[in-house]
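One chain, chain A, appears in both complexes that follow, with chain B as partner in the first and chain C in the second.
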Partner chain A sequence: MKPMLNTVGKSAFRVDAREKVTGKALYPSDIVMDGMVYGCTLRSEKPSAEITVDKSAALAYPGVLAVLTAEDVPGANHHGVLFKDHEVFSSGRIRSIGEPVAFVVAETAAIARQAVKLVKVEYKILPAVFDPREAMQSDAPLLHGDSNILYHYKLRRGDVEKAFEVCDVIVENHYETSMVDHAFLQPEAGVAYMEEDGTVVILVATQYPHFDREEIAEALGLSQEKVRVITTAVGGAFGGREDITVQIHLAMAAMKLMRPVKTVYTREESFLAHSKRHPMYIKCRTGAKKDGTLYAMEAEIIGDAGAHASWAINILRKAGVHMTGPYVIPNVKVDSYAVYTNNPFTGAMRGFGAAQVPIAYEQQMDEIARKLNINPLELRLKNCFRAGSLTATGQLLEESVPLERTLRAAAQAISRSGEEAPLKAGKKRGKGIAAIFYGTGYGNGFPDVSRAAAELTEEGKVRVFAGATEVGQGAKTVLSQIAAEALEVSLSDVVLVCEDTRLTPDSGTAAASRQTYNTGNGIRIACEKLRIELQAFTAEVSEAQGNLLKHISLKDLYQAAIAKGRLLRSEAAFTARTSRMDDETGQGAPYWPYTFAAYGVEVEVDIETGKTDVLKAVCAQDVGRAVNPVLVEGQIEGGFAMGMSWTLHEELGLEEGRIKNRNFSKYIIPTALDMPEIESIIVEDPETSAPYGAKGIGEPVMLAAMPAILNAICDATGARITRLPASPQEIVKAMYGKERKAL
Partner chain B sequence: MEIFLPVSVEEAVHRLESGKAKVLAGGTDLILALQKQEVHADYLVDLDRIAELRKIAISDSSVIVGSMVTFSALAGNPILKDKVPALWDMARSMGACQIQNRATIGGNICNAAPAADSAPVLMALAADCIVMGPEGERVIPMEGFLAGKGKTVLRSCELLTGFAFGLPGPGEGCGFAKLGKRNALAISTISCAVRIKAEGRRIIAADVFTGSLGPTASREKNTEAFLKGKDIGMLDTEQAAVLLSEEVEHRLGSRASIVYKRVAVKGVFKEAFRKAVEDVLKESMPDLGEGSGSK
Partner chain C sequence: MLLELHVNERLHSLEVPDDMRLLDVLREKLGLTGTKEGCGEGECGACTVIMDGLAVNACLVLAAQARDKHILTIEGLEKNNELDQLQQSFIKNGAVQCGFCTPGMIMSAKALLMRNPHPNEAEIRNAIAGNLCRCTGYAKIVEAIKEAAEQ
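== the complex of A and B ==
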């Protein structure tokens, strides 16, 4: 039975909608300050080299104020989310194209751009490696330390060898996923300035202001109290704003010049500056019994980390944990490797390793179904996770596992919907389904904490503090709705403050699909505590008046509290449940909770040009509970678009570590004309530990799109696409590859 | 940089005579090239204010399209939509709204990109390019106007003022199809325009031009020869497409892209041919049935 909810579950308008649609929202490139100067970054142009830098000519250029290089870094010349293996500026060894070498600051942006060309960099070329499979060999050029393999995750369950012997059907294939960019709308930009007390303030679009503060302070040799990060409006992130880009350069320049400093990257530079999605090479073998019971899986995953670790360990771990898909398989062996190469560094991107593996496991499910002549839906239903199932890591899924409902809903909706227009000559249509699961949160025992505070204001509103970033996903709205619900006040009485490290507690990163669940929980607890305090104080005031008080406004309550020298305020922290897995077997309970989804897709493929049009998508998404159904639909549509784009179009053209297509006329992402009709089906199954039952969905909404489209392409053409993107060329190759001459 | 804004063709031609000038005819390519310093000019001659170049004049038998007519204007013209659907189709599928609002058909032709969508269509329509120079007007057939990638036969102080072509008569039809990497804002990977003229059911003339399969749009003679004399509803389009595929492969030789393009060109041709047939048949006959395929 649904509890009575007043604000949660309603499609409230986004609290940031008005300022964004009217253009009032302040993105970093919109900020202008008196006396502001401009910086421009010089980046490495070779993938592996030793460099020497001569900045004298640039310094002498009229209008140039500073040329910052490694020697100017006041503190530690490094940053990095896991290892500190990024340099603020290269100190001599270059490991990839795009590493910052110098930051030229000048009176105008034009002068800075011109003077950057005057910084002389001499390259002594070193050997390089661009394929992670080659980088694993013992004779490969090394990037860091004594091996390019920076991580090996082992998952061991049951006895795979014996199990395959008794399987009636085995499918095996290799899959390759492309390196792609987040392609967020707003290229990196920021402004830094000094306050009179020596605090350096950085205005930047970031996913995690508190962690940025820590990294900036360390590089600047300052205490964190002297660094203040203010989050501007963020024009999309998707994981691409987790690693430092502009922050430290700007802070250094502002400190040195004592003037506001601004930088705005071009789209071309943005492609160079932030992380990319890990390309993965996946070998996978799945075995099943005659009746369709899945029995064994063996897989090897090799992920290209590029030149720096970023989140490679967590991503390849997540890939390994999710390799089986949302199915019970008693015998599993997975080896997942993160490997350095001289390619651009890869890092967090929506799906975080759990996005690549469905391309393998969900295509294998269809192949097994075809071999056994079982309906693909029936095969999935026979094996799918339910409450009480054990995952391959041995984790018990206790509750909120509505996978079967999502599968049935998606399959039913796609089977009854069909493109009604008659099929033209040369076209074929097909349908496909796919199911996924996704463990939200940091995982593997890493402390996953969200702090929050709430206080009654003089105006009788409740001000809520949480350092959670609105990256476009709707966090500000959803978190405000949760606060209003917990406080039993209307949404307009909640004022959420989330943009300033000086004002807000650390609520963790806007990543891992964790803000609704984790910070939502922190806010819910803080607000429930405040509500109880407000009720108790109301009773106290009422008692003092001989219990005559029927109603007291929050404004009057504030005045009554102040009169007594009391502040009505509460704080809370929420820590997600996660435990570290065994190093040798990968057994354990790494994530909680899990989110599930099943998508169905219909495509039309031109059998000569290979062009694929997605005609229809039905997306059945488990959400625990939808705090704001329209925002959930927005996430589903965006997630599907991103998944479709990766499946059909996106690929960074890499040539010896150089990205060739660094603009949107060559790096293809879809337009409105490419999008199909998307039917969102929200499946609710509230999770006890979640705020009003709501689980994270930001990443899960993307994951089923890729395999559902690939399965539909196969249904239409018979071609199995195992290498992304499924471009017209790939499809034509897959259809006619062997009989090319016969054309 | 100086920009001149002449109000007449004569004035524009006069401006072109005095120095290293570039003609600005919309600017969707030129401005980017100038920004990237790939193109250098002493000054620009912007044709924006010459009203007569923006006209579309349609008579009973012929059409004159001014060189400064935008793709939006072409796509918004109901008579072209009805009488010359290939041109209309091409205009509305080029780039996207914002590009169509600025880009002009004359600019598209003079920029002479191998992927220019308007080139195969104007060639198939047997358009004449009307050119004004210091010595007066001359006419150059569209098929002879392009001289290579980024090159035309225009002399340095000549101006392309428009295109003239006959309206397709009874039994005539024209179709255009293109393949891009997405449904909008995509440079054509392959484009194709087909014009046929039929007497009864027999094709008596066929013109087939492809784009993006060579330095300029090119006439595909073998395919044309095959189509000629065939029954419009009975001919084997697969055989025509295979001939085209071979013709293209012969021309492009060992380029890496040929592996895909030789297959894909068949699909693009078939769609253009199907549209041309529909155009022929739309007033004369009921559905002659391109069979509705099945999975």
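== the complex of A and C ==
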């Protein structure tokens, strides 16, 4: 039975839409301050070297105010989300192209750009390694410490060797995924300035202001109270704003010069500065019984971490945990490795390791179905997770597992819809489906806490505080809706403050699809507490007036509270369920909740050129409960676009660690002309522990796109694509066995 | 050089460097930061403005080329506190996510509707083909433009 909900479940207009359609929303590059000066970053041009830096000529250039290098870092010359293995400025050893060497600050941006060319860097070239499989060898050049393998996740369940012996069908293949970029539209930028009490303020587009504050404080040698991070409007993130870019450089310059300092990256520098998606090399073998029951899987995943760890451990762990797909397999052995190379560093990107593995497991599902002559949908239904299933880590899926519904909905919709135009000569059409699951949150026992506060204001509204960033996903709207629901007030009576570390509690990062679930819960609890307090206080006020009062407005209630010297305010924290997995077996309950999806796709392939068009996509997405259905659809449509583009086009062309295509004329993302019709099917199955049942979907919406398209290409052509992107030449090679032409 | 141009129906007389781009004239000289820079080479369309009725990438237009021209930017759409039909439609249809492409997207759509008040879907998609959006997959943007055209 559906509870009575007033605000949750309605497609309220975005609370940030008006300022965005009028051009009034301020992104960091839009901010101008009196006396502002400009910074420009010098970055390494070699992938592995020792450097010496001579900044004298740049410093002498007219208009230059400072040239900051490693020697100028007041605190610790490092940062990093897991290991502190990024340097603020290189102290001598370069491990990849693009590492910051110096930050030149000048009276104008033009002078800073000019002067940065005068910083002399001498490179003594060192050996380098660019393939993670080579980097794992004992004779490979080392990047950090005594091994390039920075993490090995082991998942062990049942007896894989014995299990394969009794399988009736076994499929086996190698898969490779490409390195890709987030390509958010707003290049990195920021402004820093000093407040009178010595606090340094950084205005920046980030995913996690509170963590930035910690990292900035450590590098500047300041206490966290002396660092204030204010989140501006954020022009897309997708994981690419998790790691520090402009923040520390700007703060250092503002502190040194006591003037506001701004920097804006060019698109090319943006490609150099932030993380990339981990390319993965996946060997996978899956076995099933004659009747289609999955029985064994063995996989090895090697992820290229590039030169710095960033989130590599969590990402390769997430890949390993999700390797089986959303299917019950009693015997599983997975080894996943994160490996340093001299490539650009890789990190968080939508899907976070759970995005690469479906390319392997969902193609193997179709292969098993083909070998056993079972319908691909039937095979999936036979094995798919349901409430009560155990995952390969031994985790019990207690509830909200509507995978079967998503599968049936996607399969039905794609089977009845079909391109009606007659097929032209030289073209083939095919359909494919794929299913995925995704575990929300940091995972593996890492404390996953979202704090929130709510208070009654003089205007009779409720101000809600949460340090959750609006990166475009709609957090500000969805969290406001949750607050309004819990407070039993209208959406317009809620004012969500989420931009300033001085005002807001830490609500964790805008990543891991965790804000709706985690921070939504924190806000729900805080607002329910406040509502109860308001009701109690209303009764108190009413009683004092002889219970004659029929209604008291929130505005009057505020005045009554002030008269009594009371502040009507509540605070709450929500901690997600997660436990640390066993180091040797990977057994445990790493994430909660899980979100499910199944997509169906129809493609048309030109059998001469291999060019593939997606004609239609149906996306059945589990959301627990849709807080805002239009925003959910927006996520699905955008997620499918990103997944489709990765499947068919996107790849950073790397040559000895150098990105060749670092602009939008060579790094192609989809336009309005490339998109097919997308039919969103929202599947609801409320999760008890979630705010009004709502689970996060920011990442899950992308994951089924890739394998659904690849399965459709195979259906059309018979060709199995095992290396992304499924470019025309890759498809031609798979169809005819021709050698792939060099890029 | 001295530059005279009309921006959002106001005549401006400005002293600007010879090599300045229209984008910088708008953002830096006039403080109209609603026009965004996403790539600086005419690939992303975030800086789209309307110049004498045509959608142009302001990053590819030199200030001198805008002399005496009539420029319309996102800031010029709202009249007497009332949003343009397109702006309203973008809000209603959920066509906005991160918002960085939004001003340029709306200006491309505006230029389309100025010359073709009743475009079909293919014409809409063509008109915004030079505007990249990484968030939405374009579906709701196309819907929003369709709905605005029907008003």
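To be clear about the criterion, the second predicted complex is superposed on the first by the 737 of 743 C-alpha atoms of A that agree within 3 Å, B and C clash if a C-alpha of one lies under 4 Å from a C-alpha of the other, contacts with A are read in each partner's own complex, and residues count from 1 in each chain.
Please note the rule applied: a contact is a pair of C-beta atoms (placed from the backbone, for glycine too) under 8 Å apart; a residue touches a chain by one contact, two chains touch by 3 or more.
Source: prediction; values computed, not measured.
Enquirer: By the touch definition at the top of the document, which applies to A:671: first (chain B), second (chain C), both, or neither?
Expert: After superposition on chain A, A:671 lies in contact with both partners, chain B and chain C.
Enquirer: State whether A:733 touches chain B only (first), chain C only (second), both chains, or neither.
Expert: A:733 sits against chain B, while chain C stays out of touch.
Enquirer: Please tell me which partner, chain B or chain C, touches more residues of chain A.
Expert: Larger number of chain A residues touched: C.
Enquirer: Kindly classify A:474 by the partners it touches after superposition: chain B alone (first), chain C alone (second), both, or neither?
Expert: In the superposed model, A:474 contacts chain C only, not chain B.
Enquirer: Could you tell me if A:11 is touching chain B, chain C, both of them or neither one (first, second, both, neither)?
Expert: Second partner only.
Enquirer: Shared contact residues on chain A, chain B side and chain C side combined as an intersection?
Expert: 665, 670-673
Enquirer: Which residues of chain A touch chain B once you look at their complex with the stated criterion?
Expert: 422-430, 606-611, 613, 649, 665, 668, 670-674, 716, 728-729, 732-733, 736, 740, 743
Enquirer: In the complex of these two chains, what residues of chain C are touching chain A?
Expert: So the residues of chain C in touch with chain A come to 27, 31-41, 43-44, 46, 73-75, 77-78, 83, 87, 90-94, 96-103, 106, 124-126, 128-142.
Enquirer: Under the touch definition given earlier, write down the residues of chain A that touch chain C in their complex.
Expert: My answer: residues 11, 13-14, 16-27, 29-30, 32, 182-187, 233-238, 264, 266-267, 471-474, 630-631, 633-634, 637-642, 663-665, 669-673, 675, 678.
Enquirer: Quick one: which bits of chain B touch chain A in the complex? Just the residue numbers, please.
Expert: 96, 179, 181-187, 189-190, 241-242, 245, 259-260, 262-264, 266-268, 270-271, 274, 290-295
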